[in-house]
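Have a look at the structure that comes next, please.
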Amino acid sequence: MSTQFKVDIHKTLRSGERVFQLQASFESSSQRVVVYGSSGAGKSQMMKAVAGLTTPDSGRIELAGRCLYDSAGGVNLPAQQRKVAYLFQDYALFPHLNVRQNIGFGLQRGWRNPLARVDGEAIRYWMEAFELDHVAHQYPHQLSGGQRQRVALARALAPQPAALLLDEPFAALDPALRDRMRAELGALQRRLEIPMLMITHDPEDVRAFGDHVLRMENGSIFRVEENAA
Amino acid sequence: MSTQFKVDIHKTLRSGERVFQLQASFESSSQRVVVYGSSGAGKSQMMKAVAGLTTPDSGRIELAGRCLYDSAGGVNLPAQQRKVAYLFQDYALFPHLNVRQNIGFGLQRGWRNPLARVDGEAIRYWMEAFELDHVAHQYPHQLSGGQRQRVALARALAPQPAALLLDEPFAALDPALRDRMRAELGALQRRLEIPMLMITHDPEDVRAFGDHVLRMENGSIFRVEENAA
Amino acid sequence: ADITVSAAASLTNAFKEIGTAFEKEHAGDKVQFNFAASDPLVQQISKGAPVDVFASADQDAMDKADNLKLLAPGTRKNFASNSLVLIAPQGGKVPVKSLADVTQPAVARITIGNPASVPVGRYTKAALENAKLWASVEPKLILGTSVRQCLDYVARGEVDAGFVYATDAAIVKDKVTVVATVPTETPVTYPIAVIAAGPQAAAGRKFADYVQSPAGQAILAKYGFGRP
Amino acid sequence: MESFDPAWVALRLSLKVACWATLIDVVFGVALGYLLARKRFPGRELLDAVLTLPMVMPPTVLGYYMLVIIGRNGIIGAWLQQHFGINLIFTWQAAVIAAAVVAFPLVLKGARAAFEAIDTQFEQAARVLGVSPFGVFLRVTLPLAWRGVLGGTLLAFARSMGEFGATLMVAGSIPGKTQTLSIAVYEAVQAGQDDHANLLVIITSVVCVTVLVAANKLTPNRNPQA
Amino acid sequence: MESFDPAWVALRLSLKVACWATLIDVVFGVALGYLLARKRFPGRELLDAVLTLPMVMPPTVLGYYMLVIIGRNGIIGAWLQQHFGINLIFTWQAAVIAAAVVAFPLVLKGARAAFEAIDTQFEQAARVLGVSPFGVFLRVTLPLAWRGVLGGTLLAFARSMGEFGATLMVAGSIPGKTQTLSIAVYEAVQAGQDDHANLLVIITSVVCVTVLVAANKLTPNRNPQA
């Protein structure tokens, strides 16, 4: 298989006197890459850079052959053109929209939000797959932690993205639900055949999705284990 | 040991047509009680009622012999008098205060917030125990997910509470850090000898803290397993 | 003593100079002026404003004060007169040569003070009615809430003609032309009176007298006011 | 009541002027408020302060300067006259301009504060979902800032209804044409017609309270966290 | 420049009046804004609308009614006179009252919108930590609402500096005693002293822009999420 991920970025984060150096560099021909590493290692920051939510100081990002960012070449695709599904570690659900509307948000182009009773195949599909039917019209502040996480995941996956960037996607779920969602996500990825980068602390996730496993420590990618792909 | 927890509450949550019935009832003489159960089962809602953040429709809550709420007797202690450490599932860190100030928040009485350079034994202790020294002056939006969770936990524990109510306290942490923090928390609980109620999806947590294990399903406490205490 | 004088806005420039002259002659006395339109001045005094002397731009306002029993008996005197003039912008496109010209269709907009609330408007309305011009002028009117507003409109060429006091026209000699002096039925006279409840009524009397003295009259004349 | 009919005409005029002025202010106030809240550029706070100046000036003085600008011989006024044959002075459109200028800072400040209070993470989430910048603004930013923008808008509406100093100067006070309700109130008070003034004040109050209450009730809090 | 000295006196008076008026408005505006944002009671929106009415009234008219109330024979005026021998008319304190009344809705609306935008979860977190309700307000609610409150406060300050209609009515226009800068500007325009008026306008603008810029710069965004 061709190169799926090619990331080599550098960014300095400053806060007062503290300096955090993000220096992430890896390449992979696996479509399923898992990142783990201790808290504060820079996993989320790296993923934000891939999604286009922060701009690195320098470097290059390539996803499935598409160049998203290249400081040398002056390329910096805006986030809305990168077509990635990004699952925020803290969900970032739209507080003014209900579950349906949140899931349908990326499906609707233009200047209007989906209506409160919005419907459609994709919305129905994801609500069922992630067991959200009964909370369809609830607002984020009326959801449990795990429900929020599932809505955020459904919202990210619904618009048929070209890549998946998932920041601890199952952290708030109970083990049984985790299993079911893992299966669902795995099937989706195989169906779409798109690259997937997942941050996780769960060994089960590593087992299920870690064709290629990265460990991040202190801003750098430390060890790379290529599993049997 | 005497009764540590005595909870028997009822509350109806409505959102449009959907009705969620919380009907949580359990009693325990263990100081360490763990609650697990599927997403949306009502675990967080029950814990919020114990902390005094929501008021049940009816029932009674007793913690280590103190009556916090009794609809029949007209007792409803306000949250600030319940002296519990409450860890919010989504942290609720004060966005306008840095890590030091967040941890010191409950230590300082009166009408002023701790200064940005606030110091003190308790703050130092918790920053070290939870490995937060290097981010001491950073604001919540400058923290990683796991750092946020640790700050929230430190903030809850610092004021020497009379009970611990922890909603998935280690969900965002890597396994190694989880282990260290579990040890720290376990030691604290033993030192203070206070009741602790923990919501978790992690079997390790159940093993470490589940002297008494509750399973919650669909608003009710379903099964009660009393481990060897 | 500190004497507080409430005076009609059109007296502003003249009274400020009289005040300075008065203070020079009466060491120890200070004059504080409160300028506004005449009617609000009466309202303020009737609601307890600590005023010693009231100078109004027309008899109506002073009558109101009199009816409210605000005046010290016997102190009301006319101290100056003014005349109503028709003015036009200098170099205006529409030539206004005489009072009769205001009926011409080319003269599309005429400004006067609002007769309901501005003394100069009352004089104008009466004068135009007298001259049988009111009916043809009325549809063209732009009503100002102060004589100064009317003056501005004319000076900036926003209107083709306007009616103001001669003293006002004198302020902007370079921008407006005085077309005609308009005869008024009742003469435009300014009354002054001492306020009965004024905290410095005695000193107020001195000031009222000074306004009517030759020195005061000379200053008023300088600003275009006539003798009462 | 004989004074009722002209009051009705003045009220309709006032509402027309206030609605137009508010509309103009919302368009520009929201756009500039967003700019001030989100873009960093030199002179940002200076621009904010300068745009607040209409609040600081006595309206009459503002009206005087507006006369200088949009009057028949004013910079813009002369140009409009020459090229389009438009004369703004003494028209209801001039009243709209006056009210819009005076009330502008209200929308601006309300919008800026509201935009600043939004967590930018929601906008980021919308961008990754492929929504264009303007779509993000309309679908996420504006709804979340809604209460603050509404507060400023209602203030601007109220201020426009109450404006008379600047309006009087540029629009004159022509009954039935440019005499708004607040000018009528002002003149009634000036003329000592207390009964008439009281009647007009009551009309103004009832109408404005109704509009303000309705606006608040019809636009619920769209940021339902409480 | 001979006109500079009195202008200096008027400026100092204006600043004094505006500061006091703003202070009063902040205290009451923040308290009532909080009430309107957080407590549900019948007539809530009505109260909000009624408190916005000072915006809707022409200031002169407002001044007239204030004269009626705090005048010697007015309800409050008579009481003050009788018990304390205080006569407010023509004092700078009257100017403060006038400015405070006119500018009040600005702080109220700004504060209400800001309080409504806050996620109540932060207040809950503070309560569980044992902080008293008033402590929660001072340590969490107010800092998070800060930008909105500040926006309203700056508007109120600006409006107070610019107030002249109501002020003229209750405080008069006595140079050195109650003649504020904006009244002086107004009178200069009325008296046709355009040069003097321009000078005063420039002074007003420079001072206000300085104050507004300084206030914005000195109070950084305390809700640093961007």
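Residue numbering begins at 1 within each chain, and the chains themselves are lettered A, B, C, D and E in the order written.
Criterion: a residue touches a chain if its C-beta (ideal position, glycine included) is under 8 Å from a C-beta of that chain, and two chains touch if they have at least 3 such contacts.
A quick note: this is a predicted structure, and the numbers were derived from the prediction, not measured.
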TODO: Hop across touching chains from chain C and tell me the fewest hops that reach chain E.
DONE: 1
- [ ] With centres defined as the mean of C-alpha atoms, identify the chain lying farthest from chain A.
- [x] C
TODO: Pick same or different for copies chain A and chain B, depending on whether their interface residues overlap by over half.
DONE: same
Task: Longest centre-to-centre distance from chain B, chain (CA-based) - done: C
Open item on the list: Please tell me the distance, in whole Å, between the geometric centres of chain B and chain C computed from their C-alpha atoms.
Closed with: 78
TODO: Would you kindly tell me how far, in whole Å, the mean C-alpha position of chain B lies from that of chain A?
DONE: 29
- [ ] Could you grab the centroid distance between chain C and chain D? Build each centroid from C-alpha atoms only and quote it in angstrom.
- [x] 35
- [ ] Find the geometric centre of each of chain A and chain E from their Cα atoms only, then give the gap between the two centres in Å, rounded to an integer.
- [x] 49
Task: Overlap residues in chain E, where contacts from two or more other chains coincide - done: 60, 64, 121, 189, 223, 225
Open item on the list: Going by the contact rule already set, what residues in chain A reach two or more other chains?
Closed with: 90, 139
TODO: Specify, in ascending order, the residues of chain C that touch 2 or more different other chains.
DONE: 40, 43
Open item on the list: Residue numbers of chain D touching chain E in their complex, please.
Closed with: 38, 45-46, 48-50, 52-53, 55-61, 64-65, 105-106, 109-110, 112-114, 116-117, 119-121, 147-148, 150-152, 154-155, 158-159, 161-165, 182-183, 185-186, 189-190, 197, 201, 204-205, 208-209, 212-213, 216-217, 221, 223, 225-226
Task: Complex interface listing, chain B residues touching chain E - done: 51-53, 78-86, 88, 90, 92-96, 105-106, 109-113, 139, 141, 155-156, 159
Open item on the list: Could you list, by residue number, the parts of chain C that touch chain D in their complex?
Closed with: 37, 39-40, 43, 64, 109, 114, 116-118, 141-145, 149, 152, 156-158
TODO: Could you please specify the touching residues of chain E with respect to chain C in the complex?
DONE: 60, 64, 67-68, 71-74, 77, 81, 87, 89-90, 168-169, 172-177, 187, 189-192
Task: Complex contact set, residues of chain D against chain A - done: 121-122, 124-135, 138-140, 143-144, 222-225
